[in-house]
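Next come two complexes built around chain A: one with chain B, the other with chain C.
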Partner chain A sequence: MLKSDKGTMPKSLRPGGGLEHWTERHLRYLMLAPTVLILLALTIFPSVYMFYAAVHRISPNPDLPWEFVGIGNFARLLTDAQFHVALRNTAVFTIAAVTLEFLLGLGLALLLDRFIRRLGFLKTMLMIPMMLPPIAVAITWKLIYEPQFGVLNEIMFLLGLPVQAWAGDVNLAMFSIIVADVWQWTPFIFLLMLAGLASLPVEPYEAAALDGASSWRQFWDLTLPFLKPVIAIALLLRVMDALRLFDLVFILTGGGPADRTKVLSLYIYQVAYRFADPGYAAAMSLFVLFVTIVLSTWFMKRMRLAE
Partner chain B sequence: MVRKFCLALAVAASALAISASAWADITILVPSGSEGDGLRAAAADYAKMKNTKVETVQAPYANVFEQGANAGATKSGVFDIILMDDPWIPFFAENGHLEDLTSYFKGAGVEGPDNDFLSKSLAICRNPYNSGPYVCLPYVGNAQMFFYDAAKFKEAGVESPKTWDDVLKAAKTLTEQGGGRYFGYVFRGGQGNPVVADFMPIFWSHGADMFNADRTKVTIDTPEGAAAMKVFMALRDVSPKGVESYNANEVGTALAAGTAASSINWPNWVATFEDPSQSKMVGKISYSPIPAGTKPGSSEIGHWTMGIMAASKNKQEAFDFMMWATTAEQIKISAERGNPPVRTSVFTDAELTKQEQFRHYPVLMEAIQASTPRPRHPKWPEIENAFGIELSKAVAGTISPEEALKNSQAAVEQITGLK
Partner chain C sequence: MATIRTRSRIRELLLRLSAYLAILVALILTLFPVYWIAANSFKFDIDIFAVPPEWVPRNPTLKHYDEAFVQRPFLRYALNSFLVAVGTTAISVTFGTMAGYALARFSYPWQWRKQISFWILSTRMMPPIVSIIPLYLFFNYFDMLNTKSALVIAYTAFNLPFATWMMKSYFQDLPVELEEAAIVDGDTRWGAFLHVALPLARPGLAATAIFCLIISWNEFLLSLVITLTEQSQTLPIGIAGRVTQYSTYWGEISAAGFMACVPIVIFAFIVQKHLVRGLSLGAVKG
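Here is the complex of A and B:
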């Protein structure tokens, strides 16, 4: 009976056939499709579009066509003095901030490794700065650095020390930003190092102690080599983040005084949105992307070599 | 079945989200702060009166420009009206983002805005300045004034400062006596817009200007510019340490806290200075037009103006709202909400001027009428940035004032393609 029905019914209405059958067969693709579409829309398309924009001069007037300039926007990078200033400032900030964060984070982790296991709340307290939104951190430090009413100058005044302009001083502005960043992100390095230290094997240390190795020797020959993968990851993440610095500079100094704190992200933002030149901004963004990829690849290679 | 229902629900929700902005009859982009708050309140009144829906999108100062520029460049039509700072007008108008209002005025049976508006307030709403068609209507009548503590200035031997020399004389004495805790002058030295805004009145009052009259030549590095720079540097020397990073808040706070005796500032700070909960200087701050240099003093005009976005789909509704919001009655309500007016009748309204909080109105009206617009150029944001960097360097002392002028001249020539 069933057999004869199947022979006369339209294909789409047959049990296990038509739309239902097709849906069952392609269900996995259908389930994946929204994710893939979102991925395409949010990452692939903007990336391709950025490449396309980087080789055009885009007028803010929508009635004017995009003008193809080839590598023109990239060539501008070579002669743009403001870009060079931003590049130099970004390099200074990244090297100084990440080095300080690493040294302090590792030092704190080594000092507090055993102690902190008994005092969990201390770990929580140390985590607070990195849990705060960057904008809140920036505003907090702006109030601390405020020359006339800020707490820092109040302390300086009470101690009889000369008050400073901090973020407003051409010689202290970058230092002020680095201090705020170190305050926020040292706990991140500290936590990673702490996790690394907690996972170290005990036996090599026992053997080293039996051989009479000093604490310094143990640190240099055992701890550091064991921690190398964690250190590499921590530094990689911090360098990538430091290259994108924006919030602190935007709130604390706006890139000044005298361009001393203008960093790449801030300059790209200005070019794209204040000067309405998205083509050139796209070229600069691609440059930053290129630098980040080169640095990351180099780091990864070093990490693999260490292993 | 459940899967189909969920799918249908998701599609419907997406459609609703996409068309949500279309529900409003007019959408207005306004800045944060008193200017935006005032127009937002007016929009709510209008919506209630007309039984219509007026959406206001409020954003920080810089983001209003960015969002407006994005909406204009993409012809999105997401905003019908934009409340613009007046130096943005050339950028928006010359890039085709703003609607020419001529035909709308004709449709309303008038030639243009009425004569009750201050002439300088109307001049900025035409593009080119004071000669082209109207592309906006003035709403908030900002122009810089000179704020000073009259008692302190009197102590320093200056009864009422008329010139920058008077200001310098008093400020120098007061700073010397202040022992590092009190200063005769304070200004916005922050890189970019702040330092440029506080330099331009001094620049103009010494006969200097950024371009020649027909905008064919950059004229920053001139003897007049050097004279202005000399006064600016002298003022820096009597200002607090760290003034290189000061913006309006720091300057306003210094005056309200009584730690500085004078500054150039915007009129919306009057409300703060006269509010006992925010100021130690209630009733003690005097207001005057910008002091003279070698030429009469001139404020920087900083009006907030309403324009219709060219891509708007509700242009007539937007125009009707703008006409209503700028009537004398509504401008008076706006003034009571803390926004300086743009109409003579409101400036001279006895009901307002007899109140302490509006005692600066005669001075402000004089300041507007003696004001100068920031150089009208579609690349003004870029020009201002370049000029602001060099001024910031001069204020910070990393380059000489002469170098700052020379570098500014070169930078602005490069940006504009002028010599």
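Here is the complex of A and C:
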């Protein structure tokens, strides 16, 4: 066991003294140090700086001093109707998109795991969407949704259904964003579920089959409990990703129409740059950070479970 | 008895058929949008706007590729994306591999191993919108806005934790005995890492590097805020810039968008065996 590596290097084997000796003795810290230092600089500094920014009113003019406003920016969170809209939109998007992706991905994985074990090349084809640049995905769907010449309205027409404005329609805009996200990320759930299913033990199923348990019972009593750690990881990663949705709305709707698709990331971006109010944007970011920390703490407890 | 068996066999057959049908539908739905952007990038404008749409380009043309990559600076954007991705990947994989190895093999006092592991993971969870304001103000202060190094620094913030966790999970899969044997044979601890563990982890190292390249290549929000000039903007920003309030340059963005996808699809095929691990930050071993 090298894990406690104290005893693995007899003194007689150590290279003689000096710098080399010192490096060797502190190797465990030296190998970790660059990463820890870089990440400290890149995460702790911004977080602290953000607290500082959040209690100030920052003028877009860099020559003007920052004005201390205390908890003023946080108090605005309570009364800002736009923020509440963004919060609701983010929640709606996250819940709807992740639920759909989960049901579709798990369903497809169960169906295929049972009948088509060797997917090989096909599987990689199905994986393509989630690897693509989100911007490419966004313009692709913009082209598909285009009201005048878009291919989706042509399909609606061929099916005898009314054509729609899709991303430009007040009632369908959020739905359009969700569909594009489901297209891109269902493969992710599908892939993780397939991996989970492939690692299931065989014996409990044989025992259950002997007892005459229906395949439905087997699914509830065996498959789901065994998959639980993988499901937890897949869902949490998706939720974290859905909470930071930006690229799709930026290209497809710009937050409109009538703020129906204005999500948190987009609103913070607008406040910080278009309305030039970084102090308030920082306060909102801290709120997002808080939500993320709560969720990721829960996630990491799950990770320990999977380790 | 016989009817029951026949009935269950029919049920089995129906389920099997529905599985094949499901995978066929999934394949069509997955691949059609990709085909559609590619097809439109080879059409003349008038054919892009055709109603009903032209399912297969009748007069294929490279006009939009010429517009995007010769007349407009998309080649420059692609080069910027490439340089930033390579820089970020080099830094992240180098330090991430060392840290991943340390966290997989060494013991630390006071449960540091666990604490540091999870702290590193938590930095990966930080939404980019959260760090964007301080990073913007920071780069502004040091006069680093509109530089590729600023992008490399910003991207390292989420690629380094990723690389660390990936490499940690690969090193944990390697047997310790080989490194122990090397040390008994007189190699140093560092030598055992360099000459024994690292070569064995090469497939994992390659996969991690490719994932870092993909993540950087695809990134949008940070680049949108940090870069405003042609010399520094990445491909996604270049594409987004041609979707304006007044008009969208469909042919051009289709050509550039499709070209942005091509290297990613190639990479996806190279790392297909590592996809599960890469996408779950090493948590699920596929």
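Keep this in mind: the second predicted complex is superposed on the first by the 255 of 307 C-alpha atoms of A that agree within 3 Å, B and C clash if a C-alpha of one lies under 4 Å from a C-alpha of the other, contacts with A are read in each partner's own complex, and residues count from 1 in each chain.
In this section, a contact is a pair of C-beta atoms (placed from the backbone, for glycine too) under 8 Å apart; a residue touches a chain by one contact, two chains touch by 3 or more.
Note that the structure is a prediction, hence the values are computed from the model and not measured.
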In the overlaid three-chain picture, which partner chain does A:273 touch, first (chain B) or second (chain C), both, or neither? both
So, A:148: does it touch chain B (first), chain C (second), both, or neither? both
Between chain B (first) and chain C (second), which does A:219 come into contact with in this model arrangement: first, second, both, or neither? neither
Pick one for A:68: touches chain B only (first), chain C only (second), both, or neither. neither
Does chain B (first) or chain C (second) touch A:132, or do both, or does neither? second
Which of chain B and chain C A:115 touches, first, second, both or neither: second
Have a look at where A:298 lands relative to chain B and chain C in the superposition and call it first, second, both or neither. neither
Between chain B and chain C, the one with more contact residues on chain A is chain C
Identify the partner contact of A:28: answer first if only chain B is touched, second if only chain C is, both if each is, neither if none is. second
Could you list which residues of chain A make contact with chain B in one structure and with chain C in the other? 62, 148-149, 273
List the residues on chain A that touch chain C in their complex, please. 1-6, 8-9, 13-15, 20, 23-24, 27-28, 31-32, 34-36, 38-39, 42-43, 45-47, 49-50, 53, 62, 108, 111-112, 114-116, 119, 122-137, 139-144, 148-149, 151, 154, 157, 183, 187-188, 191-192, 195-196, 198, 230, 233-234, 237, 240, 243-244, 246-247, 250-251, 264-265, 268-269, 272-273, 278, 281-282, 285-286, 288-289, 292-293, 295-296, 299-300, 303, 306-307
Residue numbers of chain A touching chain B in their complex, please. 59-63, 82, 146-149, 163-170, 173, 252-260, 270, 273-276
In their shared complex, at which residues does chain B touch chain A? 62, 65-66, 69, 72-75, 91, 94-97, 180, 189-192, 240-246, 250, 253-254, 257, 259, 379, 381-382, 385, 389, 392-393, 395-399
Going by the contact rule set out above, which residues of chain C touch chain A in the complex? 15-16, 18-20, 22-23, 26-27, 29-31, 33-34, 36-37, 40, 48-53, 91, 95-96, 98-99, 101-103, 105-108, 116, 118-123, 125-138, 140, 153, 156-157, 160-161, 164, 176, 179-180, 183-184, 186, 188-190, 193, 214, 217-218, 220-221, 224-225, 235-236, 239-240, 243, 248, 250, 253-254, 257-258, 260-261, 264-265, 267-269, 272, 275-276, 279-281, 283-286
